[in-house]
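As written, the chains take the letters A, B, C and D, and residue 1 is the first residue of each chain.
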Amino acid sequence: MSKKEVKNLVVVENVALNSTNFLIKLKSSESIPKIEPGQFVNVEIKDTNEIFLRRPFSVFDMDYTENTMSLIVKILGRGSKKLTEIKKGEELSVVFPLGKTFTYPDINDKILLVGGGSGVAPMLFLAKEAGLKKDNVTMLLGARTSEDHINVQKYEQYGNLYFTTEDGSLGEKGFVTAHSVFKNLKTYNKIYACGPDAMMKSIAKEADKAGVFCEVSLENLMACGFGVCLCCIEPTVKGNLCVCTEGPVFNINDLKW
Amino acid sequence: MVDLAVKINNLEFKNPVLTASGTSGNAEELMDFYDVSKLGGILLKGVTLRNRDGNAYPRMAETASGMLNAVGLQNKGIDYFIANIYPRIKDYKTHLIANVNGSTVEEYIELTEKVDELENISAIELNISCPNVKEGGMSFGISCPSAEAVTREVRRVCNKPLIVKLSPNVTDITEIAKAVEGQGADSVSLVNTFLGMAIDAEKKIPLLSTITGGLSGPAIKPLALRMVWQVYNAVKIPVIGMGGIMNATDAIEFMLAGASAVQVGTAIFKDPFIPVKIIDGIKDYLERHNLESATDLVGSLQL
Amino acid sequence: MVDLAVKINNLEFKNPVLTASGTSGNAEELMDFYDVSKLGGILLKGVTLRNRDGNAYPRMAETASGMLNAVGLQNKGIDYFIANIYPRIKDYKTHLIANVNGSTVEEYIELTEKVDELENISAIELNISCPNVKEGGMSFGISCPSAEAVTREVRRVCNKPLIVKLSPNVTDITEIAKAVEGQGADSVSLVNTFLGMAIDAEKKIPLLSTITGGLSGPAIKPLALRMVWQVYNAVKIPVIGMGGIMNATDAIEFMLAGASAVQVGTAIFKDPFIPVKIIDGIKDYLERHNLESATDLVGSLQL
Amino acid sequence: MSKKEVKNLVVVENVALNSTNFLIKLKSSESIPKIEPGQFVNVEIKDTNEIFLRRPFSVFDMDYTENTMSLIVKILGRGSKKLTEIKKGEELSVVFPLGKTFTYPDINDKILLVGGGSGVAPMLFLAKEAGLKKDNVTMLLGARTSEDHINVQKYEQYGNLYFTTEDGSLGEKGFVTAHSVFKNLKTYNKIYACGPDAMMKSIAKEADKAGVFCEVSLENLMACGFGVCLCCIEPTVKGNLCVCTEGPVFNINDLKW
């Protein structure tokens, strides 16, 4: 059984990627356990009287030589806001590693990764870790406007990047599922998605229609993050499962969508 | 050397810190973090006779210094527990206590009979105070006659120490405590969660699928502490206290008010190591105050 | 232009934000900060028939997201109020509501008769829920027969709108609400404070001179909100909601749950301008949600 | 009726006076109302989930040309600790002016000011504002050790300074009331004191014995600070009075000590 930890990590970087997304890099003084795409950490939001529980964030990147872990935090409400105000040198209490990873693609798989909103982080992490030929990886990122997109140029080495915006200011106009890559879904062996529920549901529908393997990473409200509170459930064909321990990654065939 | 051990109903606990039902799973989840043999005991996740899916999502809402939950006793039923979970956890070196839940007195009896057979379950906590189920649950715990009836019937079939878990959603908790004491409860634990509600003002909808849910966490500590003190002064059987305990100071306050042991619940969600830190903190306190034993704390509030 | 006015028992309030009894003095203290004519109304400090010194110091303890108080209705008595305070405040351009407290039904009656004579007192709030007095107070508010008796007798001598203030320290607050409605209460206000306790672990003593006291502030909001919602669904008379309201969102939640107006209490200690900010915030909300009137909010929670 | 305000003031200085005492200077963008020795402000402690209510602090100094107000904050518990961590440039919400001032001495009065613990601030403020000849002002400050004393050299211009420490490391050894100035209390027209209750009570006893006018400033637990909660009461010959509005300064003849 994989040991889980509660640790104070030191913030070594906190940079704004755009007006609402921040990259926070955390460093451990000891060696950091292996964390894979899809897994997440539960972060304590200190020094505020409004927040009681931790907040879960997907891991965006790991560096085992530096013993660092990176998160992309999108400001949604009070906790994420407060978190983005943390300063270099301050400590952050983190529970990790939590949850299950995506099913890795086979070496010759062609994969499609679709990220929206705060779901971008695990998609980029998976693209990097998948170990596939660049041309076999398609990344599609959706946002409201070009300003809501973050700069992901360096991920071009891992795959082909496409964008959508609702106002057409970057990439194709409309929701991600309206993007042309969805015209030929069958060319992919595996589809992965993380983002708003509505987005993932429409992707799941398309994947299902095309009969393509599809995993999504859900973002439920969590109290504990490690399986004791049973608050984070998702109804599945196997009954109500905890997103924090049986997910956050689910095969769409198991979901009751 | 201070002595952390406490004795409740002939059970010796290595220290007075237990984890509360529904907040520490079936002990296995805590094993991911540390060896649970450090703990005085573990109240297992509430179990029912048959499989229960629990309530619909969302089941949780954060509130000021607390949270509401509406889990609704999701579990796979006692037979699944006996066949699949019990064998995996039964050799943990701590007291495992079952938290039993019924919709009818008959269900409570049948369930207790099954749990009573399990050798390595040290005691039974009779939950007559769950606010998140439509039938049974809290309805048993908020009136003396029904609390008496279920305690009496379960007592008949229960050969293990019987702890009755009380609901705080009552006018006078001492009445209920005395009622269950009168029917043979070996001890009482309190409090379960307070019935509360949260609303999303922008969407104009309740934040829980069940509209209301149970409030836990530091917000309820002053109320829980008052009830433990009242019950301690009203009954002769041991009192196990809980409600918003986040650190050793909180735990000590409950013991000063009369608790022979404490349960730590919601705090675990913030940090699963809190129960362990509390054990260390109580030890420190005893040393600083020149007390020999954790039992010296019980009810030692000076008025 | 949105209409903030609400009507309760034929009283028109310019907005639904009142200040709670015992947290806004006799209105004068707020005048040091701003003109109280901005407010929908002010519940005056609890008054008794005769002078009361209140409880001994310490009367206050801070808790997680809240506080305990054990003031115990310190006031100089109704005659002093009439002779000295009333003349100074009677022309404030807001609704002044008296909060009356007795140890016996007779005291409640005598007090009500005196207050009833005061032309510029708009209504009477019958406090049968004070947890900080040895006699009377909450004991009237936690059982149906006594709540009925005092309401019935006071109703007879009260020609002003009669608001009965309910205690949350009960198993089923809707029973009490229905009982007082049945005896002629024009509206109910809820909640008063929850009975709680705090301990100084180092000194092993209670933090309040009275051992227990009343819990208020954000900690109790989920419980108060649940009770307002329950009572709104149980009675036909208007409900005035309170308990931990700190900002406009909180106030709106109470109105969605069924409150026709709200009272702001402990929040005033943090910032006396909060009631005024809440009025502005409700206005904003109504505009954002394209609602014409504050009364549109009342009970409009979608299930 | 003196108007009271709730205002965000900017921290322009926060310096450690010793290991537990900090001088915090706050600046208003508008002109600041007159505040006199004995009066206090109620300060919001932000960004912590442990503190719910404000904390009261005596005013230590005012500068009406700079529109600044200074406090001396001694670390006692969680709130005062948090307050001393505030940084230059941050805002602090303050309710003021609160409470009553000391009775000013007459122009030819000889006065004795006794301060201990967190009670030093109002004593020094009064020494400065009293407007007396230096030789008519005696300041006696008590603390556990010399390290617990703060540097008050610049107050030598306002009067004669004496110290006590419990360990004898500065000034006379023992409690303030054991100091030699208490041998000739009758030489003073007015005695003022602020500090721990036990200290003030023994000073009151001496003053009473000597028949000298004596005012003390009480430090009670407060919820509101402006007279609405009735939590901060002190039993007096006039009944239970609120320390926040009828005090914090009381004549010892009114107290039931």
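Basically, a residue touches a chain if its C-beta (ideal position, glycine included) is under 8 Å from a C-beta of that chain, and two chains touch if they have at least 3 such contacts.
Owing to the predicted nature of the structure, the values given are computational and were not obtained by experimental measurement.
Shared contact partners of chain C and chain D do not exist in this assembly. Centre-to-centre separation of chain B and chain D, using mean CA positions: 48 Å.
Centres computed as Cα averages put chain A at a distance of 55 Å from chain D. Chain B and chain C have CA centres that are 34 Å apart.
Residues of chain A in contact with at least two other chains: 49, 51-52.
Counting partner chains per residue, chain C has residues 63-66, 217 touching two or more of them. If touching chains are joined by edges, the resulting network of the protein chains shown is one closed cycle, each chain touching exactly two neighbours. Checking each pair of chains for touch leaves A-B, A-D, B-C, C-D.
On the side of chain B, the complex with chain A involves touching residues 22-25, 29-33, 45, 53-54, 56-67, 69, 71, 74, 217-218, 266, 268-273. Residues 47-49, 51-52 of chain D are the ones that touch chain A when the two sit in their complex. Listed in rising order, the residues of chain A touching chain B in the complex are 1-6, 44, 49-54, 93, 95, 220-235, 239-240, 245. By the touch rule above, chain B contacts chain C in their complex via residues 63-66, 68, 142-143, 169-171, 194-199, 201, 203-206, 211-212, 215, 217-223, 225-226, 229, 244, 249, 252-253, 256-257, 285, 300-303.
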